[in-house]
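Paired with chain B in one complex and with chain C in the other, chain A is shared by the two complexes that follow.
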Partner chain A sequence: MNKILKDPLLWIFLIFSAYPFMPYIGSFISLGSELLLWFVFALGFNLCLGQTGLPSFGHGAFFGMGSYAAAISFLRLFNHDAFVMPILAGIVLGAAAAALLGWLIREKKGVYFAMLTVAFTQVCFGIAFRWDEVTGGEAGLSGVLRGAFFGLPMNNPIVFYYFCFLVFIVCAVIIRKISRSCFGLSLQSVRQNPLRSQYLGYNIGLYKFSVYTISGGFAGLAGALYCLLTQSAYADVLDWSKSGDVVMATLLGGGTVSFYGPILGSLIFVICKNLISSMWVHWALLYGLSFVIILSFFPTGLMGIVKKKRNLEPRLRGNAPAQEQTRREEP
Partner chain B sequence: MNLFSIQGLTKRFDALVATNDVSLEIEREGILSIIGPNGAGKTTVFNLLTGLLKPDAGKILYKGEDITGKKPYQIIRHGIARSFQVVSLFEEMTVLDNMRVGIQRNLGLMNRMFLEASNKAATEKSLELLELVGIAPLADHGASHIPHGDRKVLDLAMSLVSEPDTLLLDEPMAGLSPVERLRITNLIRKLSETRKIILVEHDMDLVFGISDSILVLHHGAILARGTPREIAANESVQSAYLGKEAS
Partner chain C sequence: MLELSLFLNGIVLGLIYAAVALGFSLVLGVSGVINFSHGITFTFGAYFFLTMFKTVGYIPAMILSPLCVALVGFIVERLIIRRVYGQDPLFGLLITLGFTIAMEELIRMIYGPATQNINAPSFANGVVIFGDLLYSQYRLFIAAVATLMIAFAWIFTEKTRFGAVVKAGMFDNEMVSALGHNLYRLRVVIMVVGSFMAGLSGILSAPIWGVKPGMGAAILMPSFVVVLIGGLGSIPGTLIGGLLVGVTLSMGTLVAPRFVDIMPYLLMGVVVYFRPRGLMGQHNIVE
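Coming up: the complex of A and B.
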């Protein structure tokens, strides 16, 4: 019981279950939904960055593809009447694109890996931006409606919020389960010492490929939810800067040392993007500056500071005595 | 059948021939040491045998099977394991987790997404092995926080997880204190009872003390091979170490 009460995820769940009823911010209900889908996006992304050490700038593409897949399948395949299928389409396309890219670059390392993912994202952006017949080109696709789901009116923002909340709970539990599993330990071995990992019998290319695919699926899911939230899909979500956003949010929060880092980072990012931007157009300057400052003094991000304070244990897994374990891995 | 049967093994790095037409039969038992002046190509041979490098020419047979050009993770499945010159651990994990990585692969659990990494089977097996090499009390410590000698032992223990019948040790004594050397020497002796050990080492006391046979490399080629007594008496070996090239 005590153990459950100490679980940060429980508290995150509790806070967000009450979100629509909170004073002031509760009225920004779509902000709440966006936060939740960003959590899914960032947690899934961190399986690559934090867990396996893959510096991927391709997740914006998978997010965008999820978004387009949901919109296109809603408009073309399911005749404007579906709710779950577009989301599934988003997951499948996100995962498939990630699988394709992941297979091609599974043996690449560091900067080469990162650059190839950037290139991939830009190609996807170019296609989405130009291919008028399918993606709606510059204008994008609009008119995606949220129908009923088990009789629940999803067009009600609060109902949709709770749907996102449910998705978030399921994903957070699954992702945490994965990161603490045997498979998760295998991924960590690939990040910490790929050479040794190979000599223990791990085919590290295969692990990079698998985790990339899984992570792409979560990005696609988040993208599909984003499409349903905004009821549209447009090329901007596919831009490489979107990929940069999730990398920044994850690093800022401290995804390399903590499972909860990506949640904290994207919380800050999405709130800055939505709330501060309405007060000051140059909000990105502030955000970027604080990113640079925090990361130069605390390379492991905000959760790194917390961990250092509490002098906690090796990343992501909690079963050993206190010691300082907040080294920075190259992102 | 011999354990290793190596034919015409050659590896070039641009103009440098690191391994030059090495042909060699290695028998199944005992401790074989590979020695030679710096740059003789000892580590290159190790890297070739364990798949880290691909040979430019030649063939490597292990127990009659061709393993030339196979990748490290495939080679380990043939029963070959190695340690590294510089201790190679998962620095951010605990000692126990370091063991678990190898153990769970051996138990076939490494792809289980919904089984806790700290499951009972892997934990028990890991502790058992740590017990065997004598560092079980350190299990819960971070791998980067234990003494160097223990790190070396952990590194060795990790190599043993796959239950190899051949163990290649790259400078197991490097950077150890005399007491720790003794500890590792005894460990190597113990391990050699049940498996083949091939080691690269600069510590001549160790090499001449425990080897059953010694291979001397010079400029990437085999200079001599024999028992410690024969090698000690070999004139060309002496000149390679003391002659004008080395001075």
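Coming up: the complex of A and C.
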């Protein structure tokens, strides 16, 4: 019982279960839903970055594909009346795209990996932006309605919020299970010393491929929820600079040192982005500078500052597979 | 005739891409940093030129503004990129991306978001006639300057002692510093030279595409592809990659005008699938 009470995830769940009833912030209910889907996105992404050390810049593409899959399946396949199927379509397309890319680049390392994921994102953007017949081109797709789900009216923002909340609970628990399982530990060994894990008999290409696919599935799910939240899908979310958002949110919170980092990071990131962009036209100036400041002074993110006292090494130092003396404290 | 002039346009375009990609490729090769701020140096070149050329004249501005851009490159290396050496590639990518976003917005604040036009200089403002083909003098001028830049860079790395150190730095960073060469100085010099070339390319392409805040982002992605096709750190490879991408983009409009943007990526996919290091890439530090 004591162990359960000390579980940070439980406290996060408790706080967010009361979100719509909070003073002031509770009135921005769509912000709450956006936060929850960002949590799913960032936690899934952190399976790649924090757990396996894959510098992926392609998750924006999977997110965008998820949102297009949801919109297209809603508008074309299910004739404007479905709720669960578009979400499933988002997961499937996100995972499939990630599987394709992951299979092609499973043997690549470091800079090449990052560059090829950027290129992939750009291809997806090009297709979404130009293929007018399917994706609506520049204008995107709109008119996605949230139908009923087991009789619950999803077009009510509070009901939709709780749906997102449910999805977040399930995903957070699954992702934590994955990262603590044998599979997750093998992923960590791939990150810490790829060569040694290869000698120990692990097929690291296969591990990278599988984690990339899983992570892409979560990104697709988040994208599908985003499509349902904004009731539209447009090519802008696929732009390569948008892929930086999730990486930034994860690093800001300290996804490289802690499982909960991505949640903290995307919480701050999404709120700041919404707040600053509503106050100043040239918010991108501050946005860009914050990248520079955070990465130069707090490369391990907020959780890194918290954990510094416990003398934990940051997980992402150096290209060389240096020996890691300190063990990462598992959640 | 249309095909021929498109082909020539592609060559000119490719030379610009190659000139921009060269700096990107050298920085990546020597420092292991994916330098997204390379696009903004291209933009800076054009905007510095826009500010200067009315007061100092065309040719002096064309020499002065790349020098200013080189100074910007120097400052960026000192203040920003230096912090991420030896770290995960995402750090370098994000920190330079953040800088790019901020600077693009700064330019938008100062000059406004609209596209501004610069006329081609009076000495190259006509057409050349080859048989029944009319071709813009200015594009030939671009081709000449870009070729000169690339040739200089090529001679520099192949024939000078410093160039040998650069090449060695791409092969084995640690050994180069162990042999007593100042690796940090090497990285700064490469960054400055790369920024100079990108800035000059920005000026050259300004009369064709106009000067706008997003011009750097528009050139960054093709040069990215050029580097992956040509092979990291290889100057002849970058030249070939640039020409391939330029001609693909230009001739692609005849085949499928709407999907011309993604053709270079497909080309890249094919090249990287069969030759993972690119056409002329060799073993290097980022592997």
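Some observations on this one:
Rule of thumb we're sticking to: the second predicted complex is superposed on the first by the 304 of 331 C-alpha atoms of A that agree within 3 Å, B and C clash if a C-alpha of one lies under 4 Å from a C-alpha of the other, contacts with A are read in each partner's own complex, and residues count from 1 in each chain.
Here is the rule we go by: contacts are C-beta pairs under 8 Å (C-beta built on N, C-alpha and C of every residue); 3 or more make two chains touch, one makes a residue touch a chain.
Since the model is a prediction, treat every value here as computed from it, not as a measurement.
Of the two partner chains placed around the shared chain by superposition, chain C is the only one that A:299 touches, whereas chain B remains out of contact. By the touch criterion stated above, A:185 is placed in contact with chain B alone, chain C being left untouched. By the touch criterion defined above, A:126 lies against chain C but remains apart from chain B after alignment on the C-alpha atoms of chain A.
Judged by the touch definition given at the top, the superposed model places A:201 against chain B, while chain C stays out of reach.
After overlaying the two complexes on the shared chain, residue contacts for A:193 are found with chain B alone; chain C is out of touch. Note on chain A: of its two partners chain C and chain B, the one contacting more of its residues is C. Chain A residues 317, 319 lie at the interface with chain B in one structure and with chain C in the other.
Residues of chain B that touch chain A in their complex: 50, 52, 71-73, 76-77, 81-82, 84, 88-94, 96-97, 100-102, 104-106, 109-119, 122, 140-142, 145, 158-159, 161-162. Only residues 177-178, 180-186, 188-189, 192-193, 195-204, 313-315, 317, 319-321, 323, 325, 327, 329 of chain A touch chain B when the two sit together in their complex. Considering their complex, residues 28, 32, 34, 80, 83-84, 86-91, 93-95, 97-106, 108-109, 217, 221, 224-225, 227-228, 258-259, 261-262, 265-266, 268-269, 272-273, 276, 286-287 of chain C touch chain A. Residues of chain A touching chain C in their complex: 49, 53, 55, 57, 104, 108-116, 118-119, 122-123, 126-127, 129-132, 240-241, 244, 247-248, 251, 282, 284-292, 295-296, 299, 316-319.
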